[in-house]
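These are the structures, in structure tokens.
What follows is a pair of complexes built around chain A, which joins chain B in one and chain C in the other.
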Partner chain A sequence: MKRWSVLLAALLLPIPALALTGEEAMKKSQAAFLYPGKDFKARVLMKLINRDGQERVRELTMLRRNVGAPGGEQKYFMVFFKPNDVKDMSFMTYKYPAKDDDRWMFIPAVNMVKRIAAQDKRSSFVGSDFTYEDVSGRDIEDDSHAIEREEKVGGRDCYVVKSTPKTGDADFGHKLTWVDKANFLPLKEEQYDRKGARYKEFSADEVAEVKGFPTVVRRTMKNLQTGHRTEVGYSKTDYNLGIDDSLFSERFLRQPPRKWVD
Partner chain B sequence: MTKIFLVEFSLRRPKLVLLLAALLTLVFLSQFPKMRTDTNPKHMLPDTSDVRVWNDKVDKTFALYEDTIVVGVENEVSAAGVLNPDTLGRLARITDAILLLDGVASRDVNGFTTITNVTAEAGTLKVGPLMPAAPKTAAEAKAFERTLFGNPLFVDRIISKDGKTTALYVPLEKGANGAEIAEKLRVIVAKEPGPERYYIAGDPVARDTFGAEMFKLMAIFSPIAGAIMFIAIQLMFRNLALSATMMGVSMVAIIWSMGLLIGVGFPVHIMSSMAPVFLMAIATDSIHIFNEFYFRYRERRGDQDAKLTAIRETMAAVNRPVRYTALATAAGFAVMLFMNIIPVQVFGGLIAFGTIVLRLLSFSFIPAVLTFVSEDKLKAAAEGAARDRLGPALGRLGAFGAARPGLTVAAVLVLAAISVWGMSKIHINNNLVSWFKADSEIRVADTAMNAALGGTSLGYLVVESIEPPPKSLLRGDLPPGGEETLGAARRVSSAPEFMKDPAAMRWIEGLQRHLEASKVVGKTFSVADYVKRINRVLHEDDAKFDAVPDTKDSVGQYLFLFSMSAKPSDLDNVVDPTFTKANVWVQMKTWDADAMRQVIAATAAYQTAHPLPVTVKPAGIAYFNLVWNEEVLGDLVLGFSLALAVVFVILALDFRSLKWALVAYTPLLFTILLIYGVVGFVGKDFDMPLSVMSTLSLGMAVDFAIHFVSRFRQRREEEGARETVAESLAWTAARPGKGIMRNALLFAAAFSVMMAAPLTPYMAVGAFIVAMMLLSALFTLLLLPALVMLGRRWLAVE
Partner chain C sequence: MRSSTLLFCLLAALPMAARAEVAFSGFVQQNTAFNSDGANPDGRHYKWLEERARLQVDATKDAWHLLAKGDVAYDHLGRQGESELREGYVDYTADGWDLRIGRQVITWGLGDLVFVNDVFPKDHEALFAGRPLEYLKRGVDAVKLGAYPEFASFELVLAPDFRESRIPDAGRFHLFGPPPTATEKPGQGEWSLRAYRDVAGWDAALYLHHGFQRTPSMRPNPNTFFYPELSIYGASLSGRAGEGVLSLEAAYYDSRQDRAGSDFTVPNSQTRLLAAWQTQPWEDFTLNLQYYAEHMHDYAAYRAALPAGFPVEARWSPTLGFRATQFFLHQTLRLSVYASQNTSNGDTFLNPELRYSFNDHVWGAVGANLYGGDPWGPFGQLARDDNAYLQLRYEF
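Then we have the complex of A and B:
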């Protein structure tokens, strides 16, 4: 009789150990979205489109190398091709968790490498609707996360995670992320401003499997207040190419090795 | 005696007439709750007008906001001005609270904590908010001061040269309620009391103030004008029923006209807000009916049905002049329908309608009411009217004009000559801010901000490249280098990326310096300023590099670098996405339309001296004001000529004589000449309200001459055999002249109220109408007799 009642109690009680918390969902999502593989390479085409449909283009090669485990330090290397006058400009970031990034930029017209302050991760990345944070990730610890509900996006089951900044200094009030239950990629994200109005919307428009890693190869960020949007497409996407740590240096910033940037 | 159908009907069925009038009034009154005001000066021109279409396009191309509220903060107490930790802390808290307001385009609010700064610190390039957090100590504040003044982009824009005043620019989302937000801003700054003075200024605030003053005029000043007229009429006729009738007539006309305006869906503009006062004044024309009725009633006293006979006789006698004065007034206002400025059109139509309603009521409502007035009261009042001194005095005035015609005309001619000289000094200008009184919140704020910063009146110069650029430019601008540079130079100079060309950058920079040499320009701002700033900052803040770099690639790369961290709007505001157009911001220290004209002239001169394959087109609110100013001038010429022609035709039709039309015209012309002469001497700008007044005044001021000439000729027909021309003139000056003078006095009384109104256009209109009415009455009673005497043979009155 005693044994039965224990079994019954175990069946009736919730099983917290198996359910996912909001924070865990976001951690898994960040790992799947920004940390897959040891390293990563893609040719990135960004279209910056204003309300009237006028387009500006940014084209670059992006290289990434993970230094630590998911959520840890990363190094990014970018070489620009378009617009024409910024050809050969290159940009390098050392990303640290819970600390300001280090950024450098090479300006070929004056043959100069300049360190760039990174105090504002919420500013626009190369004039697009993506912020630096949108590109390379926001520290999970900066927000508190809660799974609000579960919902389908494009036929796929998702957790809807609400992330609210722990301190009030962020320019947004909160965001909702639709995290794919199966592969943990963020399929959709809504950012709300401090007045509670939805002002930015991210969508993963195409997901492809590259070397076994589900990868968002087309994405859009829309600014609902200005009507401006940025569409991003990845091509020549690849993982685990064996990118050497020495690439991420001022020397190569000035003269990126051809094999990595074509 | 001719019987007038409407009068006969009203005498037989007075109750029905009054009931009908009351019912119709209720119908029009029911429209009043739908009333809305429009105080946006942009709506003076239709939204299809070139300047509005172009300005909208510029706003869109450069992501500019239509409305921006400016919060000025001034600290005269602290030695450091606003750059002390306390004030900076307040500023940070105020900005933060503003960012949370609904309707504020928070992403583009520009103040210390939000504006983008470009600096180099310890070899690191920093593009980000100027003051992410307020300094806590005096030393930190001092360091901030160095940073602030280290970037010339900020001086005169967000900080005054003496550091005592700063400005916070708060752009509004489309459709946001500027008045509400301004009120919330006042609440926010009120929570931060200290030694600072706060100013809330900008277009939306001006419009809000304007709207409030408009309601004040309609809800307070119009009733006061009505009350004054009521008292004046009561003093003249000493019969409450008559005074009430006259006021009733004007009320009914006002309610019908405003009800129609609102019912049809027009908003109330500054012009139409004056309609009640105008209609009240025009309603005083029915004073001629009462004036004549009193004389007739006295003459018929003792007869059977003395009252009804007197009414019939009166209506027959005044029928023609009253009809034609109404026609002249209505026509004078109706010509405004041909003008380009919407509120003027609406106003013209509104008053024309109201005038016709008034005349309709004169022939129905007034006779109907008169049937109810008790004979006893009439007798008493008529006795009172008999003991008047005004009539005889006016008779002597007319007699003087008739007796000394040469002297009178000569004196008037001398005055006219002086006036012509005065008119030559007239300066046409519109200044929207000067529509507010000098001690109004908006003027005080504007004056303070203009004194401290680069200027509150904003204009744009849109520089656009013309395709293809001439070869000479390509050759002249080649940087040293091989084939590749040549190719690059050729590529850069092709139109789409033209604004990145150092030649274009330097040209824009030169234009800015050229404009800043002008007294009216306080500050200019362009994409070249960013490029120069980045160039300097990249080179260890070396002043030598405070210049446009030599290659187009450098410009492109600098701007790219800037855009990597700046707000998107920072670049969007000054250059279009394809770099074919650049937008130069020009802050002017005065709202005079003339200032923008000077800027355009200076730009044209610069273009001639420094040819470049670009066009430069002005835009912005300052440009709108200029265009509008010119429309006013064009409208004035058109409207004035139209009104002159129409009034002359009506006079000629009324008198069936061109000669009499010419004579009746003269007092009117001299009145206007004299007033414009005074306007010229006083140095008052000739602006929109005045130009409109001059047009509509024609239709109103000619009324007196119509009454005078009509009644004089009637008198000659009736009594010509028994009295001399001079005697008839004196009689006309005394009897209908009394009506004329009473009419003028009532008019003046009503409009004198507007001289105490809170907006200067109202004051100007008030003064203008008072002067015009009194002068034109005087000229009619003095100059007309003189002219008739001089031309009596030509006019065949003998």
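Then we have the complex of A and C:
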């Protein structure tokens, strides 16, 4: 059915590509990348690799539940397995569009739950090259978006969207996102500093279909200035598991249910 | 709970553990703290000097979970038999409730190294002697029942035996006042209750505690340590405010053993207040500003009963403090500074620390504990106990 309506739309609109604005492309991209399904689960293995090839590993289970429509509120739950000094630590985030997140952390060594400040979404996520924004999304309204051109990435047709922060106090100048025209996943992203120099590069290294949702299961973020990079692999990826809202509570932050965390 | 009961509980759980998923982890650790300001009362130059090993066992089967966390240590400063069960408990989790039985660490409240509603036992010596922060908490032998109906969550902690906080060793630290010749521990247990829920985006909690003071009071002739009866009624609130997180906490300390306030050996009834604000002004930097105050309720009675020559505490005892934490090198290097000063008695505490993760298994920390203030204040008495410390841990 979906396919037919897409085909119908394509026949009715002579140049559908031009009908799409940069903002629409980014909205669809965010929906495809960060919002598919009602909920989502993955075992995440992050490798933090420095210029000399030395590796550090961060391993966690990530659970997500959408509260509203794509672009709306989401809840995230993370439980760490590695390294040993953060084993059994857990994090919970209520993510809101256009305002600061609520974040909580559980420290098992002293059995304490703590609400933590979450002003800087551009901060590194657990020391990796990904920021909190890279993990859970940047507000579309924070930038103006324009489709610059169309280009192929790995044989797939993409829109190249230029996003420029609306306010001057952002820590980057602009970014370019290569959005897959077929499934709207970001296949590549380049971040430029305020002087216009490219300093960070994201690539979607492997896309797999999980329960009908195209999912980036391997990705890399490279810092071109320091030579540091972070490679992320998802396993046990799944959608629409029926994760209950009650999971996102202090009770389960202290004792993550094994049903969801493996 | 007596250790035999505890052992029984753990043994009873063994058949379950036999068929369960089991995971082992632990560490070996070196921990040294040497004096930077003269010798100990016992003439030594170290506050702490030990090697320590931990083994932790986690076993899970269906709704059951067992955790046992034990340490053995070799102390170079003459303490014998340094082994301890840090935690050992069994969890049972049902839909709307859960149960934890055994030795467990519990932390309530919002303060950073100040305690308003965190009524559970501490190890103050661990903090003062440059040990890793987890050792600030001692486990309590208890049954903890959690209930989670729609309208709020509840935690009820029943501890059949009293467990005290550990105070610094008089051989290693310069403590104000004479050592006790005897110690009287309460023969009864304690109970504590916490109820919490979200209120308009804020984390709200109410606390009740019925038990005893955790740190001892001294009764003269003969000098005897004892733990006065205490009930605590408290509340806390924490949520987003401005560009940060605001934490508010208050408690009424009902000194049941001396409600008139006229027994100078028993702490006066108190109000404790805490206000803290945490913010992240730039990447990988967190600042927590903290105000904490204790207010004596029966001050006139306290002053009238206090024998001549004893140091006089102020009615209001406010402490200002902060913790600043900056990460570097992909959050593998952490510089943190904790500082506090009591504006009524000049009690000061400064704890800078640098911690580095060499790799995913090995981390080390160097830091210092610096004290100042009047010789009868909790930190002021330690003015000659300044130390620098080293912690080095391999985790597996």
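Convention: the second predicted complex is superposed on the first by the 244 of 262 C-alpha atoms of A that agree within 3 Å, B and C clash if a C-alpha of one lies under 4 Å from a C-alpha of the other, contacts with A are read in each partner's own complex, and residues count from 1 in each chain.
Criterion: a residue touches a chain if its C-beta (ideal position, glycine included) is under 8 Å from a C-beta of that chain, and two chains touch if they have at least 3 such contacts.
Remember, it's a predicted structure, so these values are computed and weren't measured experimentally.
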Overlay on chain A: chain C relative to chain B, clash or fit: clash
First, second, both or neither for A:195, with chain B first and chain C second: first
Contacts of A:52 with chain B and chain C, given as first, second, both or neither: first
Partner chain(s) touched by A:126 [first = chain B, second = chain C, both, neither]: both
Which of chain B and chain C A:116 touches, first, second, both or neither: both
First (chain B), second (chain C), both or neither touched by A:100: second
First, second, both or neither for A:228, with chain B first and chain C second: both
First (chain B), second (chain C), both or neither touched by A:250: second
Contacts of A:84 with chain B and chain C, given as first, second, both or neither: both
Superposition clash, chain C versus chain B, among 130-138, 256-264 or 310-318: 130-138
Overlap of chain C and chain B interfaces on chain A (superposed complexes): 48, 50, 54, 56, 83-85, 109-110, 112, 114-117, 119-120, 123-124, 126-127, 228
Chain B to chain A touching residues, read off their complex: 60, 63, 99-102, 105-107, 121, 123-129, 132, 173, 491-492, 497, 500, 538, 549, 551-558, 560-561, 563-568, 571, 577-578
List of chain A residues in touch with chain B within their complex: 48, 50-52, 54-56, 80, 83-86, 89, 91, 105, 107-110, 112, 114-117, 119-120, 123-127, 193-195, 225-226, 228
Chain C residues within the chain A interface of the complex: 25, 27, 60, 65, 91, 93, 98, 104-107, 110, 133-134, 136-137, 146, 148, 153, 196, 201, 203, 238-240, 243-245, 247, 278-284, 286, 327, 330-332, 357, 359-361, 363, 393, 395-396
Touch list for chain A against partner chain C, complex: 48, 50, 54, 56-57, 82-85, 87, 100, 102, 109-112, 114-120, 122-124, 126-128, 228, 246, 249-251, 255, 257-258
